[in-house]
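In the two complexes below, chain A is the common chain; its partner is chain B in one and chain C in the other.
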Partner chain A sequence: MTAWIALVLVGLMLGAAVLVLYLDNLVAAIAAASVVSLLLSLLFALLAAPDVALTEAAVGAGLSGAVLALGLRRLGLIDLGKREYPDA
Partner chain B sequence: MNPPDLITILISGGIGLVAIGAVGMAVSRHLLRLVLALAIAEAGANLLLVLAGYRWDAVAPILTGATVTRPMVDPVPQALVLTAIVIGVGVQALAVALLIRVKEAYGTLDIRELKTRVEQEICGAAGIAPPESANKPGGGQPYPVPVTTSRESA
Partner chain C sequence: MHKLASLLFAIGLAALLIGLAAQLPLGMTPMVVGQAILEQAPGETGSANIVTSVVLAYRGIDTLGELAILFAAATVAGLVLAPSIHAESRLRAKPRHDAGLVLRAGSDLLFPLLLSVGFYIVLHGHLTPGGGFQGGVVLAAAFFVSFLARPARQPSHVGIVLIEALAGASFIGIGLAALLGGGAFLQPVLDKGTLGQLVSAGSLPLLYLAVGLKVGAELSGLLAHLAE
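After this line comes the complex of A and B, so read on.
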């Protein structure tokens, strides 16, 4: 049972890691990197390391994503793409 | 249908993360994507380190005073990984700060454009001609038509 959960988590994590390299939008790439960190924290919880899981979720996913997104705004590269309703 | 071993799955996941990060660092043209690939390779290394101290059917290394009969996971790699996560975020913040300075100085984050600009600056300071003949096709042939697919050329 644990191995199945780990298999699903590892598959999702590798998929998100490939998406980081393939997504055109840099905001989406940063979000995919945060998803990698979040799934990695679940794997750490599975590996009987709750303190590492907490730190990875808070620092690796939260703080790192915030730092990268703020740097992206400072670089002027934030591009949220087309709006679904351009008139609104 | 039996799943593969837990350790096998996790080791392949860690090695896959390190490989994806290394390939991404090698092939990415945008500097911010290079930083993201570095973060992914770091995550894979952390997973492999925690896996080095894992024991099958072991409890988390927390002393509660209760009597447990099962063995405990090795806490030393976990402490090291805890430090490595925080250091990784520090490295990322430093890299983003350097990226902001590069953008202010050169106005671009494309690696090939930056290479030609830096070469021109160095050769201009040294007073020699820039080595652009290495990138030109030989025999006076025309340049190939550039393909523009990426939107991140800013």
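After this line comes the complex of A and C, so read on.
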């Protein structure tokens, strides 16, 4: 059973990792990279390594996505600050 | 020519690694240190989480090095991605609006939750999985979410730098206190207490609190700096 869950997780991770390469939208690519980290943290939890899983979830899935997005915005590659409702 | 050189380099590296790997007694690792730590760690450090006793007690200097690496990485990232003087004056002139209703309400809901989860993970590092690094990142995420919702009401840079500096200094201070007490640098001091209690494991929770505050302050400072 555990092996099947691990296989599904690894398959999804591979799919998300390939998506990172082929997505044209950079924000979507960052989200896909975060999905890889999130699934990896589930895999770590499955392998009875909760410490590593916690680190991966916090740093890989949470923080690195934010740092990547902010870095890309600073380099002018994406525009996160576009406001749809300026007076909201 | 360039590709040929790269190919030759890759083949050479692979041959080197295969040659090294062939000599390793794979699958027959003696695991002397790991076995010894598993047997002795709870009694020696008083920490129910063996990972914490390795990170802070047996390999405390490694953790200090990790903090130094994180500090250097955050500093360099802030330096390289810093806004130019030109952009800064333009940003100053532009009034900064709050985010939309969804993000503001979500941040009001998430901020106290993330703050308590972060401090829980930091303070229970010696009992349950987690510790200063993980909890510190959660704390940084809490402040970053509130920053995203209300960019005008950002935390003061001086306060962040002060917390970071004090936390880093107290980590080294606890290490030096052990040295003054006749032990080795960063050797656990104070009473070990009862295994599994919140106040136990001597100075390890204090070290993790310092790590958590340092990591949290550093990363929230970096994120706020990048988001400006």
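Keep in mind that, in the parts below, the second predicted complex is superposed on the first by the 78 of 88 C-alpha atoms of A that agree within 3 Å, B and C clash if a C-alpha of one lies under 4 Å from a C-alpha of the other, contacts with A are read in each partner's own complex, and residues count from 1 in each chain.
Convention: contacts are C-beta pairs under 8 Å (C-beta built on N, C-alpha and C of every residue); 3 or more make two chains touch, one makes a residue touch a chain.
This one's a predicted model, so the numbers in the text were calculated from it and none came from an experiment.
By the document's definition of touching, of the two partners only chain B reaches A:10; chain C does not.
By the touch criterion stated above, A:40 is placed in contact with chain B alone, chain C being left untouched.
Of the two partner chains, chain B and chain C are each touched by A:59. The wider contact with chain A, measured as residues touched, comes from B rather than the other of chain B and chain C. In the overlay built on the shared chain, the residue A:71 is in contact with chain B and with chain C. Shared interface residues of chain A, touching chain B in one complex and chain C in the other, are 50-51, 55, 59, 63, 67, 71, 74-75. Across the complex, chain A meets chain B through its residues 2-4, 6-7, 10, 13-14, 17-18, 20-21, 24-26, 29-30, 33, 36-37, 40, 43-44, 47-52, 55-56, 59-60, 63-64, 67-68, 71-72, 74-77, 79. If you check the complex, the residues on chain B that touch chain A are 3-6, 9-10, 12-13, 16-17, 20-21, 23-24, 27-28, 30, 32-33, 35-37, 39-40, 43, 46-47, 50-51, 54, 58-62, 73, 78, 81-82, 85-86, 88-89, 92-93, 96-97, 99-100, 103, 109, 150-152, 154.
Those residues of chain C whose C-beta lies close enough to touch chain A in the complex are 49, 51, 77, 81, 83, 97, 100-101, 121, 129-131, 133-134, 137-138, 140-141, 144, 219, 222-223, 226-227. Residues 50-51, 53-55, 58-59, 62-63, 66-67, 70-71, 74-75, 83, 85-86, 88 of chain A are the ones touching chain C in the complex.
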